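In the two complexes below, subunit A is the common chain; its partner is subunit B in one and subunit C in the other.
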Partner chain A sequence: MTAHLGLDATVPTTPLATRLAELVRLLPGRLTDPVLGGVVVVASATGVRVASSDHERGFQADLDGLVGSEGSVLVPARPLAETLRSLAEPEVRLVVEGSRLAVRAGRARFALPMMDLAAHPGLAPSPPHRLSVPSAALRGPLAVVAAAASRDDALPVFTGVRLSVEDGVLALLASDRFRLAKAEIPLPGPAEDAADLDVLVPAALLAELSRQLPRSGEVDLRADTDRFALSWEGTLVTTALLATPFPNSDRLFPSDVDCVLRADADELTAAVRRAATFGGGRGLLTLVAEDGGVRVLGSDPTIGESEETVKADVAGNRISRTYQARHLVDALRGFTGRVVELRVPAHERRGSVLTADPGDDGVAVTHLVAPTRPPSPRG
Partner chain B sequence: MAHLDMDAFFSSVEQLTRPTLRESPVLVGGAGPRGTVAGASYEARAYGARSAMSMAHARRLCPVATVIPPRFTVYQAVSARVFDLVRRFSPVAEQVSLDEAFIEPGSLAGAQADEVRRVLAELRARIHSEVGMVASIGAGSGKSVAKIASDLAKPDGLLVVTPEEQRAVLRDLPVRALWGIGPVSEGKLRRIGVQTLGEFADLDPATVTALLGTAVGRELHDLAHGRDPRPVAERAEVKQVSAETTFDTDLVDGGALESAAVSMTSAAHQRLVRSHRAARTVTVKVRSADFATVSRSETVRAATSDLSSLSAMARRLVSSAVPPGTPVRLVGVSLAGLTTAEQESLFPAPPTAGPEPHPDEETGPDEATDAGPTPRPDTAPLPGGRDRGGRGWAAGDDVRHPEHGHGWVQGAGVGRVTVRFETRTTGPGPARTFAMDDPALRVADPLASLDWLPVVGRRNDLARARTVEDGRTPHPGPAAGSTTVMEWVAPVGQEHDAVSS
Partner chain C sequence: MTAHLGLDATVPTTPLATRLAELVRLLPGRLTDPVLGGVVVVASATGVRVASSDHERGFQADLDGLVGSEGSVLVPARPLAETLRSLAEPEVRLVVEGSRLAVRAGRARFALPMMDLAAHPGLAPSPPHRLSVPSAALRGPLAVVAAAASRDDALPVFTGVRLSVEDGVLALLASDRFRLAKAEIPLPGPAEDAADLDVLVPAALLAELSRQLPRSGEVDLRADTDRFALSWEGTLVTTALLATPFPNSDRLFPSDVDCVLRADADELTAAVRRAATFGGGRGLLTLVAEDGGVRVLGSDPTIGESEETVKADVAGNRISRTYQARHLVDALRGFTGRVVELRVPAHERRGSVLTADPGDDGVAVTHLVAPTRPPSPRG
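Our next item is the complex of A and B:
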């Protein structure tokens, strides 16, 4: 079917600008093919849809609009998004004029060249619906967990977030080998379709989506054997799955806890941030358990030393461990305004657990942070 | 300030531990067609052989020399003992390399030349009596003068240059005598007719900076005038550890290239572990047959001391450095981005991208160097004939015989091997010939040739004690996990008292 080139629609500016900005953020950074940097604009009886795809990721959003003439066009996404972002008029008209898509707003006209729609990969079909969760319960944990994943493509398995459902709980898990974050979100109702869900989704996409998700309402999780999608309020984002099984992480959590510290997360975060300056190039900090407190130490031969004690309940042995300040700050971010519990294992090479009592929404977040130690010969 | 430099260090250690070689020409270095001389004894130097010369050339100059592959573990052990003694004498010491250090004994601050001469002579005497090594020492107002003085003092000498004598001493030396003037600067100076330090010192400062650059020129000019403000300071932290090897015949096969990179990684890794560091960056250097040199490096976020991770990086890098089938004459691996703290991993080491090295390929590389101001020449060929799997022996190998004790292979060939049974303490020993596959001959720890007894004592990172196969140590060896650190410090000929840990 040859595309009917007569597209003509009038759309409220703000939602269109917002959706296009979100779409642009999900485009690949480096384009192998200029067509992949385009946005497909479709006007139909039901409204206006903007969509993009780069084979891996797909984005589509449906908007209300007054459609004068149906049609589909492909235009460069970034210039269109930039144009919409800077417009003050409440409505814009998108209309095909010859080989251009014109954006008309008030007395202004912006015309973008149309690209070959037939060369665009089009949108992958949406995988089937598996479960729904409140967006408010998913946003925070998704951001915290996705931040723990690695950005180094050398080990693809650590660039993903594992999403799985077990016993009515949606678990998110990610690690860059050196720290691990896990969030458990209780599902509101029975979710038969989700029973065997276990997928590994690129973390970079989820980190971005955690910012795009609405503060209220429901989010649908969709998945099949090779694709995953999140959809909410007329927006659907799909991605290819990472095709590697995530290594078993259950045994990483220590069973031989030697020392338990409970401290105000905000106070500890502030102390860690202050000490990080003194942690040297790699930002190493040492936590020392004492009676009634935890001492945060930073030391670097060229910068100097810092020392600060944060009030804490301490049980067990008086241990001392060194961590990367960055890992601690990232982990503590999930516990703002709460009491954080640090469980240090007896084995000094194994990771320490940071956790807190579940919040009002029942979401439990746990971090595992591996220590740093002086190198020593081994095996 | 004084500069202490061991005379012909490598070859002297060989002569110390293999008494038959004493007072005879010795060349230390790779024996292969592309080997270079790492050390030449004074007897060999008399024939014109020099360090860094190609071994083939040195052998032509000095056909009577004994050629021995370097044994860095032994050199390190000797060096550690010498500088342990030096540090007891002068706590302010800056070790520049295995065989050189600047010292500034507190007792000599402002002392008269005679007093300085007396004290330094005593240090030389003690190094000779306690370790059996000869050190030359130069003293002067600054580092460069001290260094020049020790050069002038060699061999087996002591030279104290007083501030009054300084000008006269420097005046007639060639410009190359100054540390920091290499062939390039020398060439530039010669072009304007400057050959001696005196002529250099007389140049206008503006001319010098125009010729050699502002910073370097000014510094060298000051040094030529004997103005040298640099203090003696313990060397900064190790910046990188590396190992490289030149092959007897070019490698063409990709698999062989990868295993060479892996074995160089494991050599550098030994240094890494010994210096209690972890590394973030692996750099692989590949020199192809046409002498084009390519370096490739990879940096990971978390420093590691895990050999398999480092080897995997080296293997990846070496295979991308040159197109498949390129003849390669040299492979080097350096580990940098060193840290004293290693990020533990939650998960076991990541799956590596490629086959694990075959155990048979773990041939010990012969050279591993710290980066320093005096880089060692590339010496070692891959020990092609030295696969000590009971199949063959090569000259220079340390061996042990249940009856005759510790010895070294003097020669091997046509199914026979001649072993000279001697150590530092035995004096020249007898030579015996065995069948190449005689089961009584076993590989021995080179350190046993020093015949020093391990004593529980101070910790010294340069010479960590090892278990020795010489059968003379009734020491049960530390239990796994114990923290006993041993060091080779017992004096000569002493009855080895059982030292318990």
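Our next item is the complex of A and C:
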């Protein structure tokens, strides 16, 4: 990167403000080095780029702009994003004035001190393209699977989402040891470049990106042995991989299903949420299979008891299982507006599977939820 | 209040859920006695009443309902509100079953343990009616004035809103010593009962009530020497008064205005908010009167400088004053969609006045904001 020169560019306000807001959400919460809280602004013949990096993660977005003078500067990212966020003017001019990057809009001028661009790590080069998927098919499953990962850094492997390709299907997989979420996204075409893709990517980043991904268009997945990236519409987000190999999880899925329930996912979710108030200190609730319905039971020593029956098709044995209420709520999020199928194994300690018929886009989501010991009998 | 008997009543879900949510927001944050976290449910020939009280504050709301069996019970308020909040059924049945109050809706049953009704303080009797005002005229000014009060309990007088009646006008007044807000609401008719009204009411409660008041209809103000109450549409909220007399504040309003600015309040608010990012550690910004505009200046040692000019009519001297950014933002909230007038006195230490022509309803809002020492000169 060159030293900052007399950068001067005019950019539409809204896309710049949106990209900067996204960039800021990917900055680390605590800065080990203030320079990592900066945004690199580059004006060149091709337009304007904003970029950030904290060694682990990188963000860059390219924007159309009218460039009067090329140059690169580093300025504090949060105040720039905050200033842009509330500007009503349709365009802003970014221009170096003395030791400041000035943001000029109408009769307003905001001047941000320039930081030492040479001290910034810059953006790691993008890893090579491996495959492309429709953004609409990736967003939902990415959010659901990433939510099943652990937030506890003590066991890094469980803080990641495994992304792998097999037989023309992109599989997303995450677990925090108490539940496991899996999504399978059929690839639209042949993906030779992706044949051996198998990476473990930090789940927290993917959860945030699932919100930033567009509702339509394509997303590119990029990876090499050290890094992973998603790119779409001029935006590129890179991250270091988690090094740990993900344990094989296929054996966790039960083969001896004893009871199968099929219910409207939204109705079941609403009932589970209501029962969660009565989940007690451990936040537990119990599902009981009955003729034509599933009974959702909660019990709390001070708040009282709840019981509610949700219409369901029930096949097999009439079983009863207790789960963490929040595990069920998280798992059911993957099936909004659909019929969800709950498969309960005969063995009391083995996980139950939530799944549904694949959607029109062929995407299949499966959730494995571990049961827990039922609460002590009602008083 | 009688002991709980076999209460049985059917009530429309939405109004019951709304009133319970309001009731819960008025409960104390920390409960000295668990019984104060309860809601009294009374079913009688006239319908269903829900009520709470913590000795200081009381809430009661009357609802239409089909009463099968009269009775009174005390149950935990938060879980009841939480359960009602998410129910889709249009009606719920509240019925005593054993030691529980059951909430039955469709195929769901929620059972809350009954608490000792005899241990509950009950609701203090409502103080007598003093005057009525249109709710639409009270809501906004109440929110704006209550926001100017202090949150610091060490000086109780500044945690209150003074409500007084003089010459057919209801005046609301609050100050945290650094700013003072005043609203004057003309009374629609003669108010003999209100002639000597002069009470100091906890501002935090009034801020919450300004959100609960309906957008139309009348609100009744009730008061005696110890208590104050607002009532509307079957809801009554009572509170103990703050005992301290409010200091006379008329002398604080400057008589020697040196400069008068008139600007669009929304444009000025937006500029002040943007400049607030550059307010520095003390959150200060400076207004400078110029020909045809007011310049809004911010300066922060690390974030940079901002300057923005908002169109304004300027009369008198071209002055410059520095304020707490959040005081200006709070004060400007009272003038949304209007032209705000800023009157700056010649004396540098005296407060500036923000005001506007009274609205169609005759309501006049005035804000006094103390200036502060300007930040050290720009680097």
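Worth pointing out:
Methods note: the second predicted complex is superposed on the first by the 370 of 379 C-alpha atoms of A that agree within 3 Å, B and C clash if a C-alpha of one lies under 4 Å from a C-alpha of the other, contacts with A are read in each partner's own complex, and residues count from 1 in each chain.
Here, a contact is a pair of C-beta atoms (placed from the backbone, for glycine too) under 8 Å apart; a residue touches a chain by one contact, two chains touch by 3 or more.
These numbers were taken from a predicted model, which means no experiment stands behind them.
Shared-chain residue A:Phe110: touches subunit C; no touch with subunit B. When the shared chain is aligned, subunit B comes close enough to touch A:Arg373, but subunit C does not. Look at A:Val260: by the touch rule set out above, it reaches neither subunit B nor subunit C. With both structures placed on the common chain, the touch criterion links A:Leu252 to subunit B but leaves subunit C unconnected.
Of the two partner chains placed by the overlay, only subunit B lies in contact with A:Phe178; subunit C stays clear of it.
In the superposition on chain A, A:Thr309 makes contact with subunit C only, not with subunit B.
Judged by the touch definition given at the top, the superposed model places A:Ala346 against neither subunit B nor subunit C.
Taken together, the subunit B residues at the contact with subunit A in this complex read 272-273, 276-278, 300-303, 305-306, 339-347, 350. Subunit A contributes residues 152, 155, 175, 177-180, 247, 249, 252, 282, 284, 322, 324, 349-351, 368, 370-378 to its touches with subunit B in the complex.
Contacts from subunit C toward subunit A in the complex involve residues 76, 79, 82-83, 86-88, 100, 107-113, 270-271, 273-274, 277-278, 293, 300, 302-310.
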